[in-house]
Amino acid sequence: MTQNLRVGVLGATGLAGQQVLAALERHPWFRVAAVGASESSAGKSLGDALRDPSGASRWFAEGRPDASLLSLPCLNDEQLLAQPLDLVFSAVSKEVAEVWEPRFAERVPVVSTASAFRYEPDVPILIPGVNDAHAEALHDQRRARGWRGFIAPIPNCTTTGLAVSLKPLHDAFGVRTVMMTSLQAVSGAGRHGGVLALDVVDNVIPFIPGEEEKVERETKKILGHWGEPAPFAVSCTCTRVNVTDGHLETVFVGTERPIDSATATDAMDRFGVDGLKGLPSAPDRLLQVTTDPFRPQPRRDRNAGDGMTVTVGRMRDEPALRGVKYVVLSHNTKLGAGKGAVLLAEWLTREGYIERGG
Amino acid sequence: MTQNLRVGVLGATGLAGQQVLAALERHPWFRVAAVGASESSAGKSLGDALRDPSGASRWFAEGRPDASLLSLPCLNDEQLLAQPLDLVFSAVSKEVAEVWEPRFAERVPVVSTASAFRYEPDVPILIPGVNDAHAEALHDQRRARGWRGFIAPIPNCTTTGLAVSLKPLHDAFGVRTVMMTSLQAVSGAGRHGGVLALDVVDNVIPFIPGEEEKVERETKKILGHWGEPAPFAVSCTCTRVNVTDGHLETVFVGTERPIDSATATDAMDRFGVDGLKGLPSAPDRLLQVTTDPFRPQPRRDRNAGDGMTVTVGRMRDEPALRGVKYVVLSHNTKLGAGKGAVLLAEWLTREGYIERGG
Amino acid sequence: MTQNLRVGVLGATGLAGQQVLAALERHPWFRVAAVGASESSAGKSLGDALRDPSGASRWFAEGRPDASLLSLPCLNDEQLLAQPLDLVFSAVSKEVAEVWEPRFAERVPVVSTASAFRYEPDVPILIPGVNDAHAEALHDQRRARGWRGFIAPIPNCTTTGLAVSLKPLHDAFGVRTVMMTSLQAVSGAGRHGGVLALDVVDNVIPFIPGEEEKVERETKKILGHWGEPAPFAVSCTCTRVNVTDGHLETVFVGTERPIDSATATDAMDRFGVDGLKGLPSAPDRLLQVTTDPFRPQPRRDRNAGDGMTVTVGRMRDEPALRGVKYVVLSHNTKLGAGKGAVLLAEWLTREGYIERGG
Amino acid sequence: MTQNLRVGVLGATGLAGQQVLAALERHPWFRVAAVGASESSAGKSLGDALRDPSGASRWFAEGRPDASLLSLPCLNDEQLLAQPLDLVFSAVSKEVAEVWEPRFAERVPVVSTASAFRYEPDVPILIPGVNDAHAEALHDQRRARGWRGFIAPIPNCTTTGLAVSLKPLHDAFGVRTVMMTSLQAVSGAGRHGGVLALDVVDNVIPFIPGEEEKVERETKKILGHWGEPAPFAVSCTCTRVNVTDGHLETVFVGTERPIDSATATDAMDRFGVDGLKGLPSAPDRLLQVTTDPFRPQPRRDRNAGDGMTVTVGRMRDEPALRGVKYVVLSHNTKLGAGKGAVLLAEWLTREGYIERGG
């Protein structure tokens, strides 16, 4: 089908950028044509930039990158902007994204893991299979901003599992209120300013600055009609636990229409994502329900569907809310970050939002 | 005041029993006069029973027990029953407690960490300073069962922090509904059938069999009027995290009367426990509120008040429930087990429920 | 080549047995024809035996077993003995192995993860590619014991990485003395009597009963000529650390002939294992050396070669011993247990020690 | 005896500085009169500097500092230099220490946790009770450099436990060679550039830059005669494990004169430190030996002697080296850092090296 799109990666040496690169390894459609990195890496090959003076590897994603990838020169943002590209993945900090994503979007579609533009009224937060109709807004964004490209962010990694699990419940029963507690993995904090072992060994940190507001806002934006946030309340307490990868969330949901654990499970089981069929990074199921009461567990279930399947367990009635309660797990650096961004780019490509340029 | 009561400890070599013994070290009122252990320890001194053939210590509580304690012979239950005792701490499994606690209670007051009798209609679950009035039921229990003693259990270690933190809110605002997620320490599971490292390293286990029902039932019994459970709903999801000691819980509470984070904090701040003053194991405060948004943390706060103070943090409004949400931490093997049982025995002694026998 | 051998697995529901089953998934030569389990599982299908009454999975190895495997009935040892099998994997405890491995070996080759027979003079401890010549002893064992089969154990999981890394050094320089400290993963202890989280969170346990003696004895047996242990000294301190999988060992080695970090690295780099080519479970390299000073790390390197490659790093001169020092990592439940046993069976099959029976 | 010395702390807000402050709480001799911190804290009180804008505490040592301490203004180095002080604790980085320790030493004794001057020929590395005679060199240092004060560093935290445990062996048997593997806690790396949870959860890091050289050099300097390093070889592999506090080391020692596990244990048991008697921070024993084969363990033994007692266990013969092997544990942030520095200052005060100025 589509193929051989020339891809740039902004922030390639950071942890999020590496996850994008890992997700693009031997990709059938996308070819990494250029990588951007901070000034300190400028002039080095990506391989050299990923090796510190002592010989230590700074490649922290899974596997080992291809030699051809490692030989790419690290460009600064200005140089990257000058490359002929069909698509850019942005995996930089919010602050860098604020400045550079619009400059890239003037020329080329930008799929972003950063939060900088998520809350703009003309920017949809997209999860393929969940809120596909919102993608239409990209046309308006393009037009209104006078860009050839657009900015299409994925959600915060803590939003993803929650939004995917709520989607079939909201469609079938109308979500009225959500109370969520997250037990988040340390990889979500990245490496710069990352969680110190000293702080989390034999411990839990009961606060992640800014996280709760993001999840509450994004979940309603994603599950609402375009331009109209979903009319339910979302309330979160986000904590950090001693886990490398995989965000676990306990969810209490109240619904408009009668629901119980059986009907909720059934709705989730029936939640198909035909629209993802054929996309290289798509899992067989975006959402699965387990009946083993001790699951999902981060270490044993995060790699379900190669890190792209959300797993729900412990479905029970929740009488006080006239709803249900359950536990949901999603892989924060795969579905929730690099590979999720690649899946979104694949879907946008197949839907015609991204195409081979001149 | 009272002093020199002769104390027996049932299940002395188990983890819960050791915690009772640790809490009784150099106790000004209570003297450990006899210890009971399983048949495999019978005939050994406690010191020998706590050392395995390789020379390894099986003393897992803090500190090191006194030589005089270690020289006590391990008695079987029948032998222990024959001792002249004023008070027995029971730290055995539910199954053993079902058989032996009544036999001991025929003769002597029993303060228990086991769940066997918690749900009997004539057995109060006591937290001194929280539901003191329920202690009166011990008189009826005594009379109705024809016992000289009684059975007075402490709550499940996951109930304690929740009940203490809800008490001032319920008194001031009337709790209507509670949604709680626990992040529980591995020590709560004890050593027999305890949590394997293999299962919890880099992981969370989202289910603890029986725990949620216990917390829901006990919280309502403790915070209700005697004979009448509190009329609110409690809904829990209990998980196990990679922490040694200290149960953290996220709580969403709806109330009958208007509440916000300021008034809730104020109610908790004003929650005094004058009734505990002078008891050897009592903390200065049973409940404290922190304004540091990153606290409480299990490792850094579990030993507040020498493990006897419950810490609340992250108090916020909860509009969806017209209530508040917060995080609460309590030490599961101190306030929630051995030392909590000793505190209860101290309070019962001062209130005249336990006295020096003939 | 060889194929369709009928395989039995003794101790199939245990952790070691599950690892054997996982390594046999979709195996091109071996077909699991029958599984043995303890009496408590007798009469159940393997699938039912691996599910406890609450619905919880007791499958702890990677992936999920095939439906055809799960439908196999669990046999007791006597029943398993009556099956027509070409090969048996024994993954039972030392005590069970002492009784049952000889009974099976009367009829059929037994490849074992148990230590019961490792130290018998007519039983070689085999690592394919390391001490292939020892396999000849199986003929003598067969003859002397009057068995149609034999017992062929793999080493203790802590021996494997050490022996593989010493092999090229011993061949080229003559090992004189070895001082090793292990940092072992908790999975090595299995589930029955496994390491409690309570004991190893924020902790190290500096003793593993029996382990040091095994490693010392086995390393010398494997690297010696048959019937004559290698004439060097091995001295170990074995510790348990808070890691799920992957045994890391620090090694100080003195040699007979001059050695330095460069020549040692070179010898290891040149250590090829042509004899493993074509075996389904063989890695490309049995031994690899990294120059990144921060590697090998258990979590990041244990799955090298799909868990079958031993990784050495931090190679340095060791003047005091006139030798070298280094760090070595091997996967204790793959190369060091289930999959290592399957590799040995593959090699024995290709070498003609195991064949399709009548 | 001595008392009321006016103490300054350089680097007071850092982790090492906080540990010094914690060790000085309610100190009978030393009163914290002034604290120095980086420019970003200048003008704030210590209390404000230890609270970030969100209200989060940046006090990471144990307990909570006194109000009087928190009200001290944070001075920059120049301002601190102008204070009337009798003694300065330096807890800054090597780079800052290189510049500022000499400037302070011109006026006042400096006791330092930094490595900047440890390897200067006129600077002794002191452990009271181990190499007291080296302190005389401070007189020469003073004279030769024309200082009123001096620089007296404590060793690297990984050296301390090793040197203390080797001292009685070296005295009695003459140490010939030492091979040591450390399993170090994450707190040793501090907070700036500290160990990320992402790197050490379910993992071991087999390299700590610069650490092995420090331990090798310092151990020989401490255990030698002044001006003449001990004539034995020390070879180390230093690793980082998932432990908060407490460095565990496995040690293989060869000696000049015959030794075995019994005589080695006896020498350690007899190792008294009468010279520390009466010092406020001194433990009853600087070194203790346990016969429990599963000890010492970091979490269960690091606080022996309130963090000031080194614990040795697993003493065994080591035939290959004609020596012994054992495991040793010491608390890296108490004896090995802040409190160890305070103990040294106490000893220097009692010995007349530090006195009340004008």
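Should a chain be cited, it is by its letter among A, B, C and D, assigned in written order, with residues numbered from 1 in that chain.
Throughout what follows, contacts are C-beta pairs under 8 Å (C-beta built on N, C-alpha and C of every residue); 3 or more make two chains touch, one makes a residue touch a chain.
Predicted model only: the values in this text are computed from it and were never measured.
In this structure chain A contacts its sequence twin chain D using mostly the same residue numbers, the overlap exceeding half. Ranked by how far their CA centres sit from the centre of chain B, the chains are topped by C. With centres defined as mean CA coordinates, chain D is found 43 Å away from chain C. If you average the CA atoms of chain B and of chain D, the two centres end up 40 Å from each other.
In chain B, the residues that reach two or more other chains under the touch definition are 54, 201-202, 209, 242-244, 293-295, 299. Across the complex, chain A meets chain B through its residues 177, 179, 181, 183, 201-207, 209, 233, 235, 237, 239, 241-244, 248, 250, 252, 293-300, 313-314, 318-321, 325, 327. Residues of chain A that touch chain D in their complex: 54, 60, 186-187, 189, 191, 194-202, 209, 242-244.
Listed in rising order, the residues of chain C touching chain A in the complex are 54-57, 201-202, 244, 291-295, 299.
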